[in-house]
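Below: a set of structures, written as structure tokens.
Below, chain A partners chain B and then partners chain C, in two separate complexes.
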Partner chain A sequence: MTTLSTPPPGSTNRTSDTAAKEPSTRRSRRGARSASARLGRRRGNTGFVLACLLPALVLFAVFMVYPTMNVFRTSLYTWGGFSPDKDFVGLDNFRQLLDDDQFVRAFQNTVALMVVVTVVTMGMGLFLAAIMTRQRLRGRNLYRFVLYIPNVLSVVVIAAIFSAVYDQDNGLLNGTLRLLSLDGLQQVWLGNQDIVLYSVAIAMVWQSLGYYMVLYMAGMASIPEELYEASALDGASATRQFFSITLPLIWQSLRTTLTFFVMSAVNLSFVLVRAMTGGGPDGSSDVLLNYMYRQAYTNSSYGYGMAIGVVIFAFSFLVSLLVNRATKREPLQF
Partner chain B sequence: MRRSLVLTGAAVTVLGLLAGCSSGDSSSDSGKTTLKVAALEGGYGRAMYTEVIKDYEASHPDIDVQLQISKSIEDEITPSMQAGNYPDVVVLGQGRKAGLTETLIKDEALEDLTPVLDEKVPGEDTTVGEKLTKGIVGNLNTNPYGNDQTYLMPMYYAPTGLFYNQGLFEENGWEVPTTWDEMFALGDEAEKQGIPLFTYPTAGYLDSYFYALLADIGGEQFYTDVMTYQQDVWETPNARRALDLTTRLLSYAAPETVGYANEQDFTKNQQLILDNEALFMPNGTWIVGEMADAPRADGFQWGLTPLPAVETGGSRYITTSVESVWIPKAAEHKDPAKDFIAYLYSDKAADIFAKSNAIQPIEGIADSLTGENAEFYQVYEDPSVSALVGGFASTAPVAGVDIKATLFDTANSIISGDTTEDEWQKSLNEASEKLRQAGD
Partner chain C sequence: MTTINSSSRPRLRPRTGPRTSLRTGRTLTYALVIALALAIAVPVAWVLIASLKQRSEFFGSPWTLPESLHFQNYVDAFTDAHMGQYFLTSVLVTLLGLVLVLAVSVPAAYVIARYEFRGRRVVEVALMAGLFVNVNYIVVPIFLMLVDWDRALIDVFPGGFFIDNPAVLSLVYAATSIPFTIYLLTAYFRTIPVEYEEAAALDGASRFRIMTQVMLPMARPAVTTVILFDFLAYWNDFIISLTLLPGDNKTLQVGLLNLFTAQKAAADYGRLYAGMVIVIVPVLLLYAVIQRRLIEGMASGGVKG
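Let's turn to the complex of A and B:
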């Protein structure tokens, strides 16, 4: 590079050219040197960054990627969980799932919980959040605190609380109904196969309502007050403000929470069902993860359980993706 | 310089993570053999184990016994077992919800313990086999594959049957029914007083009820046929009769039963007996300890009766729950483990266990019992009553088929009217057939 830019000796007619070029060449040479140094440093940085990332990557690989791959692999085998011999059966486990009534029932229950809990929690969460941020409610900090408490409780405690609420003889619910002389409305909340799933759903809503409310409140608090003032001058009602200002402006938080809802319908329902009903009576409140657990760990069908796991994985992935796509909007600026 | 420091730091972190994943080595440096014993902490408590182990270590100075005991021992040992780290001795019976013992049976992952029967009890002249009660070994509970090989040694045995309040019966001048006709007559009689005839803690407790009922109706041969999934066994008149009787009994069930029949509330069903709000429930002798602190009706006294006979003078069976001790095939120290198991049947150990009400199936031990226990074990003295051990035979696992759930849990749906006896019979036959095919 240097030889090219150096003018051949004796070519005087180009002297002025060269003179003009000289400083720039020097400059570019200096520039090249500093660029290569920067590149070198950047390469050094890359190594450094990689080294810093390594622990997290190793953790992620060991505890997330590898087990997940293992789930997929095991789902193709018949295996009890302990013996050294696994039989490769291809997609047989999945084929069997289609004929398994209890699996279909658990699937339906999971979907029902996903829909009911999402709609109710989201609706109530938005409503409460809007009231608390917009209406300047007196004592709203207290309400927020009270509504948030269930979220920090352990699921076992929640199961115990609802066992007391739903108790058919002297439970809170039936006791209140009796007090109001509404004896006809009394139910065996955890024993009636038609309503046991909704009893679980109510507990799930109660548990997560505060969390989502706080999330929505945070979103609403960042909306500039002027927008409301301006719209109020234009004569917009509170309802109109909610649908035309609040909702579009917190759309991004709404979308995020939708993914949370999908996850909690799968995960939280399992823990709650396990602690409250055990999937009963007679499997009527079974959910996918509970059924997977039962098959994998108590029916000695680990491979089959993992096939259920794969279905859960694919299903929640798909639902999250669809929900994400369906709710995609251009983010609004304010 | 600083960068290399950070790099070293990162490397150390990674190494630390990897090191954290590796399992610790259990062998001790002192030359002692470490015997790892895992036990279920059942109603008998944990003190008896520590005492027996102390005694064993005193006579075997070269062995260090590590006891792991928990109420959910399966949850604690399963992960390490899947990682290849097995305990040497496990005291855990079949019929638990987690079904760990059953899983290992199905996976043929248990050590053959037949030689232990011929081994002399340490410090005594008799062999283990000679000390055991006749007939306690050699059934599906100890020889799960139906051959002569014993894989599970019987540890404690306890009668399970219908529990009731003796005081209530005396008060009303009722006789404990000995036939099903008397049973239902009593049901009608008690109903006039507003007391339902029957309840169960959870549907799973119906196991002792069903096993005895099947044997009562069709004898031990029929019972074995059902337990080994003979073709169309659930279509037989005997099977139908069992379901008929059960469906009728369930129509007498306390209205609260289904609503409380879950892990959270099952003690409320048990409380019904204590409060004289139901007459009978299927249960085991542990109920006395389990409900020891619960409030109860005046004059309450626990009673235990076998199921009523199908006909007057008919034979009656009492399902006997037997807890087991076994050695995983992958255990590290199998020989010391076998010696330890043999020791568990020594007079000294048996005394310690009996003090905690854990009764071992050793000849002559029932004579030394006192209190409620003596009364419970009296049921074996009745000549018309025989002990029934075992449960459904193990087959290769069949995905999605759980015959116990089909047989027991459906009771909830029968009571609430969500299913019919015909459907029950049909699904039982389907499940049984699938398991039969898996066993072939």
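Let's turn to the complex of A and C:
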């Protein structure tokens, strides 16, 4: 809590100590506003403001705004990317998508990963966070340290770690199963079309569990202890406390993380699949962004790839919006 | 046994039940947390150990310890697989990216937080929207844009300038993390009381001096947080560098990806694991040193890194 004493707009975890600081920060905010008015009214500021602002804005416009607009524009063309022939085809690319089996499959895989990874990670993350904050486990700082490690590792490293875990002959998983004489359970974890998606899902949960646990812990740490004491006197069990106190009071951080889950199901699955399976075997672990990258970069169907990009963008935006609407509750005060 | 007891003597349950179930519950939670922590620690530790194994030791049970410390893997990784050279590239690209992003974001964030000017609201909203544009969507358009620029400048730089240039990669890193960086810095600048600046202004300090010598030092916690997250983003990226540096001059992550792909064909595990250790260790050390700040920064910012 030392780094940013006031949560920036949009952040939903307010902690009790920021709440306590509220009056003073509000005063300084008001001070800041009038001060900025005062500073702003001084003469000759335009030059200073522009000099400070322009470099960032130019970079932002050139490397983010322009490419983003390009995604939308080129989705209406057939274009190889390098050749000068560029034909306007309207919505043809999108119509073609509907008949593209590989696209449909990538779409299904992405949605499946979105659902499975969100449910599992959120459930486990909440559970872990609750026992770490409520049960005061001995050595919980150590557990937190270890559980957060995957979040600082790169996706390539995670992919390589999991290929060591899943390796058919010498992998950790099959090796352990052999050691326990459970040879029958051995699998070709990344080579079997029926289970490869679950193997990817496990890697995604492994990567993000600690991150969400820490986020939920931060939310739970701000719930006043008295609520738990009072409910304990009334005979509420730990489970009951979790569902009647903890969950409603961190609802806002839960909602925020749902948006993160949607975004990471699209983005993390791509980088992970790209490094780990390349979408194989035979497209059974392909995800939307990977298919887009393949079409646009490797296959040189740039316009078509960008149409896929537009669909992903619209889809993830829509899902975030719907989830946000569906989970809207009156914020609870404590 | 307990079920029979409790069903035949229901009155005993409230007295003994909760206590024993509390104890077993506690043991279970401990076991579960430890199991999860092991599920994360063991594969990472295993990679560290396996990086010292000889080629022949990779066949058979994965649970054996290396017979001797086979440091040759590291020599191979550093020289034959060029990981040493890639390491240098990664360090340079990351450092330059950090310098660039701070150089443009700190002044912009300060001005947005403190100055009233026309279009401020538009700038803020645009940058906020930028938070939602993931770089994975726009990496191919950026690549093609740079190819276009190279083509336009073919007379000046016949070999191309923008593609395969680590400095340009740094610039793209910096540009794509501007929304996040400005967002965090602006929020922090706004919490600093304005009296310091007024005092400095009364003493005759210039606007530039107020920004760099009064406000920047006070915003150090936020700057540290930003550096941490941007460092991790640049150091761990592979999709941008894979696309923008197609030549020999690669970053560490792409080098590792190549080792990884080569290992699938040639079963040359030792080199791959040594390469992984080279990639993991700096990040893990940094994480161990600054974990408190990283976790707190994440929890208070509530942003997906």
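Keep in mind that, in the parts below, the second predicted complex is superposed on the first by the 269 of 334 C-alpha atoms of A that agree within 3 Å, B and C clash if a C-alpha of one lies under 4 Å from a C-alpha of the other, contacts with A are read in each partner's own complex, and residues count from 1 in each chain.
Going forward, contacts are C-beta pairs under 8 Å (C-beta built on N, C-alpha and C of every residue); 3 or more make two chains touch, one makes a residue touch a chain.
Since we're looking at a predicted model, the values are computed, not measured.
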Query = Which touches a greater number of chain A residues, chain B or chain C?
reply = C
Message = A:Ala51 in the overlay: touching chain B, chain C, both, or neither? Say first, second, both or neither.
response = both
Query = In the superposed arrangement, does A:Gly90 touch chain B (first), chain C (second), both or neither?
reply = neither
Query = Looking at the overlay, what does A:Asn267 touch: chain B (first), chain C (second), both, or neither?
reply = second
Message = Once chain A of both complexes is superposed, is A:Gly283 in touch with chain B (first), chain C (second), both, or neither?
response = first
Query = Is A:Asp100 contacted by the first partner chain B, the second partner chain C, both or neither?
reply = first
Request  = Please work out whether A:Asn299 is in contact with chain B alone, chain C alone, both, or neither, and reply first, second, both or neither.
outcome  = first
Task = Based on the superposed arrangement, let me know which partner A:Ala275 touches: chain B (first), chain C (second), both, or neither?
result = both
Key: Partner chain(s) touched by A:Val165 [first = chain B, second = chain C, both, neither]   = second
Inquiry  = By the touch definition at the top of the document, which applies to A:Val188: first (chain B), second (chain C), both, or neither?
reply    = first
Inquiry  = Give me the intersection of chain A's contacts with chain B and its contacts with chain C, in residue numbers.
reply    = 48, 51-52, 55, 59, 62, 81-82, 159-160, 163, 169, 275, 297
Key: List of chain C residues in touch with chain A within their complex   = 25-26, 29-30, 33-34, 36-37, 39-44, 46-47, 50, 58-63, 103-105, 107-108, 110-117, 123, 126-128, 130, 132-134, 136-145, 147, 171-172, 174-176, 178-179, 182-184, 186-188, 190-195, 197-198, 207-208, 211, 221-222, 224-225, 232, 235-239, 243, 253, 256-257, 260, 264, 269, 272-273, 276, 279-280, 283-284, 286-288, 291, 293-305
Of chain A, residues touching chain C in the complex = 1-13, 15, 25, 28-29, 31-32, 35-37, 39-41, 45-46, 48-49, 51-53, 55-57, 59-60, 62-68, 70-71, 74, 81-82, 124, 128, 131-132, 135, 137, 142-157, 159-165, 169-172, 175-176, 178-179, 206, 209-211, 214-215, 217-218, 238, 253, 256, 260, 263-264, 266-267, 270-271, 274-275, 289, 293, 296-297, 302, 305-306, 309, 312-313, 317
Remark   = So, in the complex, the side of chain B touching chain A is made of residues 3, 6-7, 10-11, 13-14, 17-18, 21, 78, 81-82, 97-99, 102-104, 106-109, 202-203, 255-265, 268, 397-402, 405, 409-413, 416, 418-419
Inquiry  = Per the contact definition, I'd like the list of chain A residues that touch chain B in the complex.
reply    = 44, 48, 51-52, 54-55, 58-59, 62, 78, 80-83, 93, 96-97, 99-100, 102-103, 159-160, 163, 167-169, 188-193, 275-278, 280-284, 294-295, 297-301, 303-304
